[in-house]
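The structure appears below as structure tokens.
As written, the chains take the letters A, B and C, and residue 1 is the first residue of each chain.
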Amino acid sequence: MMKNAKWKQYVTYLVLICCTVVFTVLGSMKQLPFSTLLQLESATIAMILAASLCLVVGFLGELSLGHAGFMCVGAFIGGKLSVILTDSGAYGGNELLIMLVCLVVGGIAAAICGVIIGLPALRLRGDYLAIVTLAFGEIVRSLFRNAPAEMFGGTLAMSTPRYDRNSLFIIGFILVLITVVIIQNFIRSKHGRAVTSIRDSEIAARATGINVTKYKLMVFTLSAFFAGIAGVLFSYSQFSVDSKKFDYNYSIQILVMVVLGGMGNIGGSLIAATAVVVLDTFLQKQLTGNLAVLKDMLYALVLIGLIVYRNAPALAGFREKVSIKNLMRNLSKHNPAKIHDDEAKWDRVPTKIHIDEVLSVDVQSKSPYTPDKQWKEEE
Amino acid sequence: MKKFLAFLMAAMMVVGVFAGCAPADGGGDGEFVIGMSGPLTGAAAVYGVAVQNAAQMAVDEINAAGGLNGYKFKLVATDDQHDPTKVATNYATLLEKGVHVSLGTVTTKPGLEFKNLSKQDNLFFLTPSASGDDIPEFENGYQMCFADGDQGKVAAEYINTLGLKKIGVFFKSDDPYSDGIYKNFTANLSKDITVVETQFTDANATDFSAQISQLKDCSFIFMPIYYQPAAIFMKQAKDSMAANAIYYGCDGFDGLAGEMDLSTITQEVSMLSHFDANSTEGKAAEFIKKYTEKYDTKTLNQFGASAYDCVYALYNAMSDLIKEGKEITPDISASDLCDLLKAKFSGGFSFAEGATGSNITWYETGKVNKIATKYTLKEAN
Amino acid sequence: MKFLETLLNGLSAGSTYAMIALGYTMVYGIAKMLNFAHGDVIMVGGYTLFIASTMMGVSPLLALLFAIVFCALIGVTIEKLAYKPLRGASPLAVLITAIGMSKLLQSLAQIVFGSATQPVDLLDLGSVSIGSLNVSMYTVITLLCSAVIMISLSLFVKYTRTGRAMIAVSEDKSAAQLMGINVNFIITITFAIGSALAAFAGFFMVLKTFNVEPSMGAMPGIKAFTAAVIGGIGSIPGAMLGGILMGVVEAFAQTSPVMAPYTDAIEFSILIVILLVRPSGILGKKRREKV
């Protein structure tokens, strides 16, 4: 059991490393067409964004509609710095070194914004916070757009140096790996458990002595930092950065990835991000004319369908019946606990102490409101 | 579960790779491939579709007349939805289709990506309508439309001659086209003229009453914006503005007559452009006739006319080159063709008769040299 | 004089925002959810006007009636299909569904009508001069209409059985149910009224812009939503106040060349500032959280 669980933890890393190696080899053999390279770049950017938003939405349980705003900060600040450093020939003109500096600076700039937006977040929750983050995203965009043209390109896009397309995706994959390692370790640490407890009940968390303020700020800052890094990466994958890209529609697109991946599931977010990017490019080529909108409609329908299916209280019994997890548990000898569905299921987090899983199931099954006959019979 | 997801992820990646590995059906079919990227869907679709239609029309005409030295042309149009981040994918598609020469992008922002991408591969482009000043920055890029800066300058010079004391300006501050014209306009405007400046953005593009109340006292209003907001403005300002005021726009006004019934307002509407959709003579009228027979008149605008000219200009330049003894067949690489065309276009090539002007030549900077005309769309009542 | 004109323009724009904000606030008060798709119901109203007026040639007032009925139906349908199954689920899930609904409506409109703008010439309103003040009839009509609507809405909520039931449901859903109030019916009614108000807002917007497009409701929707939060979401007078404030700020910001490019930023900054000072909005009630 223990062995099995440990192995599971590293699957995401393993897959990511495999992808990195495979694509690096293919890339160095010049086997990858241009369009695939582009897809890989976009996929890595989307993965970082999705993983970092997952932290806020899935684990802290707050809805952020301004994630693109943090990305915007990273893209403009990091992009501008890369222009300055490249022009001045700093670090002996070593592109990789300049990029690293820009990534860090862009990330930090976005993180500072994360603190700024995290501060009102301490007083607000839920819908209020969602609208504030949305407002923040729009304000940031407006500020960059109206900044003097010499600084951030004004209404026209800001020109940024593009990194060599044969190797940018490798850096992207490495960054995804770093992001996932940091976020997963954060979640599995005691801080992570504190964060999830805030999500499950802020009052209870406060009562047990968890510093809610500190943790909320921490999560917002961390999430913004990675969004900023994604922004810098984005600016390196483009010749120009345009503030229009970062409107709330883009934030919603990132949210779709997180929801599709199953909120609170980093691996799922990564897969969903990749799927959305691949599907996006595929459909961009296939659908023409007014049908091109079918893509948006598809996302909307999937989003609604998935959320209703996973959260509707009326469907709880049905979900339990068809759950893949339960199916696998039934097949496996070692699993004593059957996972019972309740509304907070999607945000249940596996923690380091594996007994937790069993505990949480016990607590839930004893809920007086949803007596489950089937389960009792099995017992 | 994780294992399952992991496999799914791996599978997805592999699919992604193979999706991109589709064999390139290059120009080996004995055709010259002209590539373009434009907003075929979305809010700016009317421009992209106009360019696509008109370019297709020109290609069909050329093919019907026997093509270039017996080789046919083929247009490959890709959709960027006026989103710069989609251009790279489109560009990759064009390369896979074996593009020889390109019309670049229809709009400016995507064009900034395109010029860099095409520079790397040395692909020649002659854009019909991406009017940003920086679009022809590199040697391989040329414009068929007026650059924004030039439009602003010409408009300012014209207004300087009118002897006005005070004019109003209404522009869209988050649009590079509008902003670009406006900046050059104010820079070249005589210092004796007082300017009442008003603006709007995408987020406030429905209610212009605040701006109208400011511009009310001006009898001349310069509006370097596209026709949709212009139509809204004119309808809203119908009664507040002086009855004989003049609305003066740039080529973005083209299409205005289709958007609103101009006879419902009393003010004068005129524009500075290279094409008039109501033209009754010359190549322009011919183009209008052919276009309206084939396509929706809603998409008839200067973008299309310009694209039509672009295809013919490329065709003329290439046939000139053949006459000069250069060997141009579909086997030529895009880069070699680009070098020939660059030399041609910067070396005094003249496009004799087009829908958007005659004796069109190009500067070495890639900007176009032709005559801008003031068209009066409607006289004041 | 300039000042007065700008103020009037602001009030007129603000009353449209207020109309939309009322829809947000009522739904929030009763169903405790942010109906993100509310802005797009405006768009549905706009397209109904387009079909009725431009395509069928119906008179403007009849077209408005169609729009009101159709929007109310759409609002109720959305509630039944997307929100009702989620009653009792986490608020986050409901909010995301609402966002999905908003995108769905927009893309549907785009598929059916295309992404280009469609012309709607409803009424040709002139303008009236009061002394040296030139006021467009549009301003007069929007101000009058919205005043009438807001007053009747307040009276409706205060003095009718259904209205009182609404207040009861917004105070305590389960207690209201115990008192014999049909909560489902009240929620349906709320969505219908909110959507009908959106149809009015759509009518005002079309009167102003003379055309419709798939994303016409998105930005006004978000701004009205901001206005509702500023005024204190869940409070009807708060929504009016917030909407009017939004319109007036917008009008004044746009007349100053320095501030004009930052209009959106200013509007959204007001929201952040107000929420920092008063987290429940200007007229919002403070809610004590129960464990």
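The definition used in the following text is that contacts are C-beta pairs under 8 Å (C-beta built on N, C-alpha and C of every residue); 3 or more make two chains touch, one makes a residue touch a chain.
Bear in mind the structure is a predicted one, so any value in this text is a computation, not a measurement.
Chemist: In graph terms, nodes being chains and edges touches, is this line, ring, star, complete or other?
Modeler: Contact pattern: complete, every chain touching every other.
Chemist: Could you tell me which pair, B-C or A-C, is linked by more C-beta pairs in contact?
Modeler: Answer by contact count: A-C.
Chemist: Distance from the CA centroid of chain B to that of chain C, rounded to the nearest Å?
Modeler: Result: the chain centres lie 38 Å from each other.
Chemist: Between chain A and chain C, what is the separation of their C-alpha centroids in Å?
Modeler: Distance between chain centres, rounded to whole Å: 32 Å.
Chemist: Quick check: what residues of chain B touch more than one other chain, meaning two or more?
Modeler: Answer for chain B, listing residues that touch two or more other chains: 41-42, 173-174, 203.
Chemist: Specify, in ascending order, the residues of chain A that touch 2 or more different other chains.
Modeler: In chain A, residues 138, 145-146, 290, 293 touch at least two other chains, as defined above.
Chemist: Residue numbers in chain C touching 2 or more other chains?
Modeler: Residues 114-115, 261, 264.
Chemist: State the interface residues of chain C toward chain B in the complex, per the touch definition above.
Modeler: Listed in rising order, the residues of chain C that touch chain B are 2, 5-6, 9-10, 12-13, 114-117, 119, 124, 126-127, 134, 136, 138-139, 205, 208-211, 213, 215-216, 219-220, 223, 250-252, 254-255, 257, 260-261, 263-264.
Chemist: What residues of chain B sit close enough to touch chain A in their complex?
Modeler: 1-6, 8-10, 12-13, 15-17, 19-21, 24, 40-42, 79, 81, 83-86, 88-89, 91-93, 95-96, 108-109, 112-113, 115-117, 132, 134, 173-176, 179-180, 203
Chemist: Chain C touches which residues of chain B in the complex?
Modeler: Contact set of chain B toward chain C: 41-43, 45-46, 173-174, 197-204, 206-207, 209-211, 213-214, 216, 228, 231-232, 235-236, 239-240, 259-260, 264, 298.
Chemist: Give the list of chain C residues in touch with chain A in this complex.
Modeler: Residues of chain C touching chain A: 28, 33-34, 82, 85-93, 95-97, 99-101, 103-104, 106-108, 110-111, 114-115, 222, 225-226, 229, 233, 261-262, 264-265, 268-269, 271-272, 275-276, 279, 289, 291.
Chemist: Okay, in this complex, where on chain A does chain C touch?
Modeler: 57, 61, 63, 120, 123-124, 126-128, 130-132, 134-136, 138-139, 142-143, 145-146, 203-204, 248, 252, 255, 259, 263, 290-291, 293-294, 296-297, 299-301, 303-304, 307-308, 310-315, 343-344
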